[in-house]
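Would you mind keeping the following structure in view while I ask a few things?
Chains: A, B and C, in written order; residue numbering restarts at 1 for each.
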Amino acid sequence: MSSEYKVSSEASFVVRVADLHKRYGSEEVLKGVSFAVRQGEALAIIGPSGTGKSTLLRCINRLTEPDRGRIWLENTEITNAKTDINKIRQQIGFVFQDFNLFAHLTALDNVRLGLTKVKKLSLKEATERAMIELRRVGLAEQAQKYPAQLSGGQQQRVSIARALAMDPKLMLFDEPTSALDPELIGEVLHVMQDLADEGMTMIVVTHEMGFARSVCDEVIFMEKGVIVEQGPPEQIFTQPKQPRTQQFLSKISELYGRTSS
Amino acid sequence: MQRLEKLELIWQSLPLLGEGVLVTMTLTISLLGVGLLLGIPVALGQAYGPRPVRLLMSSYERFFRAMPILVLLIVCFYGLGFWGIYVPAFGTAVVVFGLHSSAYQSQIFRGAIQAIKEGQLLAARALGMSRLQAIRYIVLPQALRLSLPGWSNEYSGVLKDTSFVFAIGVTELTRQGWQIAMRTREIFLVFITVAVIYLILTYLGTWLLERIERRLSVPGLAGQRREEHGRVI
Amino acid sequence: MNLLGPFCQTLQDGSFVRLACEIAPRLLQGTATTFQLTVFAMVLGLGVGLLLALGRIYGNKPIYGLSTAYVQFVRGTPVLVQLFLIYYGLPAFEIRLDPFLAAIIGLGLNSAAYQAEYFRGAIQAIGRGQMLAARAVGMTNLQAIGYVILPQALRIVIPPWSNELIYTLKYSSVAYIITTPELMYTGQIIASSPRGPGAFRYFEVFLIVAVIYLVCVLVISKLLDLVEQRVKIPGLEMR
């Protein structure tokens, strides 16, 4: 239990997570996870499948309810029952592994819906803002297309635009490239890299070690519901302290050979 | 000569049959409306409600689906009289058929809701929508589209079922035919004509619904086309 | 005649339970007729429906055209109108049927059109491969249908077929409009006869009738579910 995060209310931390626990039935998926992310920082969370990375991410905007532990977005405690979670979620962008674009809406309407219905912007304002975001992800020309008419990579970029349009303080990416064909991964990572360069605070659960290493400022290696090791990418990827981290990384590089790309 | 007379008889009874068509269609459309209004909350209750609501809604659905519509109609018709409530037979028919249809429509709608991927709702919540907003802006528009093929089946089913109001004395298409047949004694001829009119109404309606379906269609979001004019079971 | 007679008399005169007790034997007779009607209609529908399905799949042009037209006509028109055509319309051609027979034929020919579609779906679900394989081992077309296609089709058609059975059971109540002495009509007779326990107590009599239908439908659905579980063959299902 790391109390440092609990007492600290440094304004520079965008999100703080303290002693997070989550259990599904008899299986404990998160066994006390604590960390914090500074303003403008990009944090990568890596680790084997089924170690609670996605659950952790979903707990941060309470798409999954944690059993125990506390989470703050700046100075608001997300885990407080009195907090209006819908207000919080407007400030946290979430990008899903399988995009989850609204199937009955065009790309433009996907980006616009949150603006008109949640933020109550006028249609004109919402359209302008949505087009800015679509342009940013390079899809202004596809604005009138439906999700089914877009490639996986394009869909994921629209879903990033949808999240960005809400003006989030924090972006969460849940394995954003795992459902993509290999040749489409690059375009999505490219958009994410631009975001990181612009100083967006983000947490990325990923299997793309190259991305974690070259784009992120901090890397967490998680296994079996706990943080095994945390540090800057250079340290984690070149001289990991924990044997488990070493094993995992060498296995990954055997499989994908992308660790150092 | 005789054949010509028969043709003329049919020709002359067309206006009366037309009046019957009007009543049949008014009944069909009203009952579908009542069924829709009741069916959607029943489906939503079953999909998203707490356990007691789910149980209540599914017993509602099971009751109306197990009860023969004609029996239900007759019981309600006499029941109203028994309790001294006066409702015109047409009104009784709209309500009884509407209740019955709502059970079937809720099933169509529930199937559509279940066909929507869970991620759609999650994504809506992640944007900061409330549960109600997510249902209204994401689930309903998608589920309604997915339901359309089921509805054209329901339309053709209830259109035919409306002929049962014959038993409580509403003068719709079948009863108009009956009256003409009894008067002229050309029973076979008259009912063949009536049957052909039903056939036209069935195909016209399903054609129209298909057009609406195409108009509202969105790439990658299509309901499964089931048996046309199939049993509504 | 009413074995329950002495027991019924212990119930309060004029009460609903007394009525139910007193008319139960006659209603049960009506229920038996309802079941006979349903079973005969289903059997007729099975035979005709199978022929229609084969006609629509393997038939030459005229046969295909005729069976398709039949199926479309029947499925696009109300069963009540079909009953009127048979019971009141056929006498014009010197064909007079009693209400029970007319109802069997009407409901049976109606069901045939739907059963034809279930069979067609089932046969087509089995696929051309099975037919080709049967022909490849030297069977004639008819042998292939008889030994390979139908045994499989009949099995996968069981779920829709049992739905159709429930449907016919419920819709057999329509036969009351042409005075077939089934359950509904029995209720009608009891309530409209000026003497007897049910005289003019339409609502209560039909309420009892409704309960009987409800129980029958629910029990039979349950039984059919059990049968379906029993005869299920892994890997042989529609879709």
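We adopt the following convention: a residue touches a chain if its C-beta (ideal position, glycine included) is under 8 Å from a C-beta of that chain, and two chains touch if they have at least 3 such contacts.
Note that the coordinates shown come from a computational prediction; the quantities given were computed from them, not determined experimentally.
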item	value
Graph class of chain-chain contacts, one of line, ring, star, complete, other	line
Identity of the most central chain, Cα criterion	B
Selected interface, B-C versus A-B, where C-beta contact pairs are more numerous	B-C
Centroid spacing, where centroids are CA-atom means, of subunit A and subunit C in whole angstrom	59
Distance from the mean Cα position of subunit B to that of subunit A, given in whole angstrom	47
Whole-Å separation of chain centres (CA-atom averages), subunit B against subunit C	22
Overlap residues in subunit C, where contacts from two or more other chains coincide	none
Complex contacts: residues of subunit C adjacent to subunit B	72-73, 75-82, 84-85, 88-93, 114, 117, 121, 163-164, 166-167, 170-171, 173-174, 176-177, 184, 202-204, 206-207, 209-210, 213-214, 217-218, 221
Partner subunit B, residues of subunit A touching it in the complex	61, 63, 86-90, 92, 94, 96, 98-104, 113-114, 117-118, 146-149, 159, 162-163, 166
Subunit A partner contacts - residues on subunit B that touch it in the complex	116-117, 119-120, 122-130, 133, 137-138, 141-142, 145, 218-221
Complex interface listing, subunit B residues touching subunit C	62-63, 66-72, 74-75, 78-79, 81-82, 156, 160-164, 166-167, 174, 177-178, 181, 186-188, 191-192, 194-195, 198-199, 202-203, 227, 229-231, 233
